[in-house]
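Listed next: structures, encoded as structure tokens.
Each of the next two complexes has chain A plus one other chain: chain B in the first, chain C in the second.
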Partner chain A sequence: MASAIAVSPTAEAGGARPAGPGPGRRHSPFHRARRRMFVPFVYPALAVYVLIMVAPTLFTLWLSLNRWAGAGPMQWAGLHNYTAMFRDPVFRTSFVNTFWIVVGVGAAVFTIAFGMTILLQDMAGRKWARAVVFFPSLVPGIAISIMWGYLFDPDGLVNTLLADVGVHSHPAWLAQDNMFKVILVGMTWLSSGVYTVIFMAAVDRIPPELYQAAEIEGASAFQRFRYVTFPLMKDVVSVCSVLWCVGALKTFEFLLVFSAESGALPPTNIWNFAMYSYAEAFNPDGTADYGIAAACGVIVLLLTGLLIVLARRVLRRDADTY
Partner chain B sequence: MTKIKRHRGWAHVVTVPAAWAIVAVNVLMIVWIVLSSLKSTREMALHPWSLPKHLLWSNYRTAWVSAQFGAGVGNSLLLIVGSGLACILLAAPAAYALSRFRVRSSGLHTALFVLGLGIPAQTMFIPLYVAFDRIGLVDSVWGLMLIYTGAGIPYALFLLTAFFRSLPAELEEAAALDGAGPGYTFWRIMLPLARSGLITIFVLQAIGHWGETFFALVMLHTKTTLSLSLYNFTQTMQYTGSRYSVLFAGLVILIAPLLVLYIVLGRRIIEGISAGYGK
Partner chain C sequence: MRRRQPPLLAGAALVAVALCASACGGSGAGAGPAGSAGGEDHLTIWSQWLKGQPGQQFLQAAVDDFQKQTGIKVTVQWKGNAVVKSLLPALNSPDVPTDAVETSASQIQNVLYPAGGMADLTAAYQQQVPGTSSTVAQVVGPAATSLATPVDASGQPAGGPVVVPYWASATGVVFYNGQNFPALANAAPKDWDAFFAILDAQKAKNRRPLAQDGSVTSYNAVFYNDFLASVLGPDALNKAETDKTGQTWKQPGYLQAAQLVERLAKGGYFTEGYDASKFPEMEDKWANNEADFNVNGSWLPSEVGPVAAPGFDYRSFVFPAVAGHPAPPLNVTVSGIGVLKSSKHQAAAEKFAAFLLQRGYQTQVATKMQNIPIAAGTPAPAAVEAVKQAIDAGQINTVRSPAALADYNAKIYFGLDDKLVFGKLTAAQFIDAMSSDSADYWKTKG
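This part shows the complex of A and B:
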């Protein structure tokens, strides 16, 4: 912004009006020329965005109220798709699993990220450690899940390592009952790095005087975290929890790889919303039901919105500033 | 920033090794993947930590040719370069206009774009599939590229508006005094200034789309991307028996470029990602 002493060029161009925001500035030729360019600058991006994201979303809302197999006429179904879906036991399993991924893995990821943030706070070589911890989150989910699947394969690395230390009775990791737990642990590992890095960046912005003050007061490491670090990170944590929810709700690749036979989808007891929605539309051994798939997509959208509002409410209420 | 000394009690003795153990596990994972990709599947299972007896480079040849990773790499590269450039070409002028033009509806437009950050892929894929099927864009790399471009716009716009807002206004005003129109000012002055932000966004999107699986799986049938080739290969193993060594060669092909990019541009990537969250 032009200072008060130097007369701003816009002001000169628009007649000798004082600098700074005001009606004079707004109506200068400079601003008029720019306003004329607003549409050509913004609308190409807006058009593509609306075409690829907004229009399909609206169409999905409409589709969820109809019965449709992808061809032929649509049949109005009202809320039938939703009621049918909630009666479907597979959908209920998907609901529970999605909940575990968003809340369970989320809690674990944030706990680990906090832990690592405290551990790394004044450790030698922290930059290097941070860089290493971050890398897995750049690797595509499909690669991590393939590796994870092999680790827990009957002949995989985990069993080999256990055998090396003399443990031969281990659970069948990828059996029906355990597979989902193994997946949850894998997802925790995959996601912890990003949040560790973000939390550490937030901690770095906290002024050291606050810690010195805490030091003088004789605060323990835990108290330093409880009364200095955490309150000042609330804002970042709130944004992160929103982003976590948005990302976790659409987990797909990590489950996809664990399919039992070729060409088929994974067993239904590890499905989540994303898998359910995909399966209703494209399951190789079933008929397409776009209406139900769309209804599931709408549920995910609603949950995303709800979680965003909740996360902002809970954590935003009294964000401290420094 | 002044360095301050803190109590280093017994807690430190426990926690620092714990932190380093987590770091070590991450490094060992990568070493293990690379070692495994050069062994036979049998050797991989029996001696996971030994150096390979013979370096089986043939795993990579098999992966590249018969498992179609070569074709996948080609398409994935085309996809990330094409969609990355298209996304920036669209989002940069929009972000510039929204952050600097002081048009009353800017806030509303920005909010509309940012809403896109919360739209999950599951809410969009059926209409996209149906529509693209009608106009012949299913099983087409170009169709997939269009989706990646559109889906990348909200994030690119979100980061770029913040970036353009931080540039000094004096430059634009001086340019206007010299008779430059808004278009010229943007393309010749502001865009070059935003270069580092643009590179960051391009790299972040490239990383995100390099292994994208959901839309690729929905949209492509005979064509393949790198992640689809990997997925298809895991599926064929159920008939042909486990060929994990070839699969791991595929994993290295997928991960190695990311690792190189990370080593070269690490700080930029980390800062770019945390900039999106913080503040």
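This part shows the complex of A and C:
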């Protein structure tokens, strides 16, 4: 194992290297010294990774096959946690809500980010605009969710402003039927700026002569985006979609703080997978069920992997060169 | 190949040492005296209070006094509401970082006890309370002892008490401003017919008389809980919840209780916006005389104190009976000291628990903490004097909800009850849904 990692045949052969080393380089003192240093540099990192990432993941998998109150003896449960979870209507609600967050909010965030990228591309003062759209992501989600709670209260700022402009009939924003929708809007607002800034950074890397050529050809702003900007930022979009999937699947603090009171659990109609897992492990009035919480975690892990593969496949492209 | 092994081993060893150092450091720091003092008298307590809270100030003063009088050093870590969540994973450590935990009995019983972490305090209840001729059991009393004892899946006591409580709180208490309703001080409504008459009189003045923070599901549930406890007795909810067929919900009485909630919801009694506001919006409105009554917990006066209208005269009476039925017994929660099974200083922890039951400290629970002392006959704050009388008279609900039902409540009961309280479901729809959803729930549990 040690030698397999330390002396990778591909690396050694050097075939993929643009400036491949000659056969003599393999035995040069520098190369031998580098090979010796490879191991002490890589193995500590690998050991840390195994200890803090791989081992807990395997433990979670093991835990999902047991019943456990968080301490004391475990009781083997086989696949019971999974079957019980899939039969639970609240888990199905959590699945649908997770889908809305990942896909619904994701689509809104990326659409807004693309739109803002187009709008801000040639705008004067775009650096200032970039800072403004980035601002919401600087404030902790907890603070934002608390603030949103007060904004949308029956006597809150939103309703006061609506009343000032003569709108006295407004939705009960924080009613249980509307709460999840308000949360989705809040998450969209919170995340759009980050992706806008990343997209704008990607756009900055595109050579301006391509846009000049497009203009000479008479391309509209949308066509410039369609045929120049998007293809050349596709790799960034791909990475962003992966980042979004990973982050959205574990959305938690915004939901909890926005909806729950005094350490209690929020209403089940706004639960997502992360909340489901939390509720099973930390029901404030009941015995912890780490087995089901872990089973839910395993499902999230699988879904994350699946979504990442899908996102990478959809946005796969050959390397573009400028 | 072999020459590579030393750096590999060295690297791995370095990581192992680093991780061990950090882990051991963390553990040692958290463990403090509990983990390291061996047989010495050095007690560590994790508390539900945060620095600066009245409860923290009370407990710190008691700790200082206890140290002076006994020579036992006490370290308290102020963990706040997350104390039990923090302690649960720590129970897996070979060196559990505290000797005792100070929080509500329900949390200790439902979370820490099932994990095998708590000591049975039956023997501790036989020790004498300093400065008195009474034992802990006598001061705590049988009803509160019952509340400090875990129950099994059927709600029956399992073993002895695991908490020595020193204060109590209660839900289902109807608060009002004594300035606005002076006649109620000595003539609390005997039943809901009388109370509805008072509420209707307020409605006639274009007021929405009942403040209700609908975003707190447990506050919403108080109405159905207590109506049902009055109509069918305090064990009726447990019976229906644990019936795997769901048919118990269809029995007479369950619908009657739901109809009373429906009457409140659809009759315009609750404050406007109660179903779409953030806690504590509605109780703050009540404290500023924008609503007349608030069915809440005994902690309400101290909670709204900083925002209440000047001169607000907190008064209360317990949840009235449904006409023609006995009043529901008061729902009480007790809080106090639980001792960890792994503690090396159990005797010292039990001694401290008994120390808090002295008359002087019990009086301070009322005067400094503004809470209800556990010892019978010790005066409570005036705002909750009616509650204290009910507790001393033993008129409290000792029916226990099994810990496993917390999941049922979170997933079935609270959601449907919220819809009933918000007027989204009629009483009949509520009962039908409770019945069918209960049957489905128990099917998922296998």
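Here is the rule we go by: the second predicted complex is superposed on the first by the 258 of 322 C-alpha atoms of A that agree within 3 Å, B and C clash if a C-alpha of one lies under 4 Å from a C-alpha of the other, contacts with A are read in each partner's own complex, and residues count from 1 in each chain.
We take it that a contact is a pair of C-beta atoms (placed from the backbone, for glycine too) under 8 Å apart; a residue touches a chain by one contact, two chains touch by 3 or more.
Since we're looking at a predicted model, the values are computed, not measured.
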First (chain B), second (chain C), both or neither: which does A:Phe225 touch?
neither
After lining up the shared chain so the two structures overlap, which partner does A:Pro44 touch, if you call chain B first and chain C second: first, second, both or neither?
both
Check whether A:Phe180 is in contact with chain B, with chain C, with both or with neither, and answer first, second, both or neither.
neither
After superposing on the shared chain, does chain C or chain B touch more chain A residues?
B
Quick check for you: in the superposed arrangement, does A:Phe110 touch first (chain B), second (chain C), both or neither?
neither
Considering only touches as defined above, state whether A:Asp155 meets chain B (first), chain C (second), both or neither.
both
Would you sort A:His80 into first (chain B), second (chain C), both or neither based on which partner it touches?
second
May I ask you to decide whether A:Trp100 touches chain B, chain C, both, or neither, giving the answer as first, second, both or neither?
neither
Tell me which partner A:Ala143 touches in the superposition: chain B (first), chain C (second), both or neither.
first
Could you say whether A:Ala172 touches chain B, chain C, both of them, or neither, answering first, second, both or neither?
second
Those residues of chain A which chain B touches in one complex and chain C touches in the other
2, 36, 40-41, 44, 48, 51, 70, 149-150, 155, 259, 261-263, 282
Listed in rising order, chain A residues that touch chain C in their complex are 2-3, 6, 36, 39-41, 43-44, 47-48, 51, 69-73, 80, 83-84, 87-90, 149-150, 153-155, 172-178, 259, 261-265, 267-269, 279-280, 282-289
Per the contact definition, I'd like the list of chain B residues that touch chain A in the complex.
1-2, 4, 6-7, 9, 11, 15-16, 18-20, 22-23, 26-27, 29-30, 32-33, 45-46, 48, 90-91, 93-94, 96-98, 100-103, 109, 112-113, 116-131, 146-147, 149-151, 153-154, 157, 169-170, 173-174, 176-177, 181-183, 186, 207, 210-214, 217-218, 227, 230-231, 234-236, 238-239, 244, 247-248, 251, 254-255, 258-259, 262, 266, 269-271, 273-274, 277-278
Of all residues in chain C, those that touch chain A in their complex
1, 3-5, 7-8, 10-12, 14-16, 19, 81-82, 85, 88-89, 91-92, 106-107, 110-111, 114-117, 213, 215-218, 272-273, 275-279, 281, 403-407, 409-411, 414-415, 418-419, 422, 424, 437, 440, 443-446
Per the touch rule, the chain A residues reaching chain B in their complex are 1-2, 8-10, 12-13, 26, 30-31, 33-38, 40-42, 44-46, 48-49, 51-57, 59-60, 63, 70, 116, 118-120, 122-123, 129-136, 138-143, 146-147, 149-150, 155-157, 160-161, 194, 197-198, 201-202, 205, 208, 211-212, 215, 220-221, 236, 239-240, 243, 246, 249-250, 252-253, 256-257, 259, 261-263, 273-274, 277-278, 281-282, 290, 293-294, 296-298, 300-301, 304-305, 308
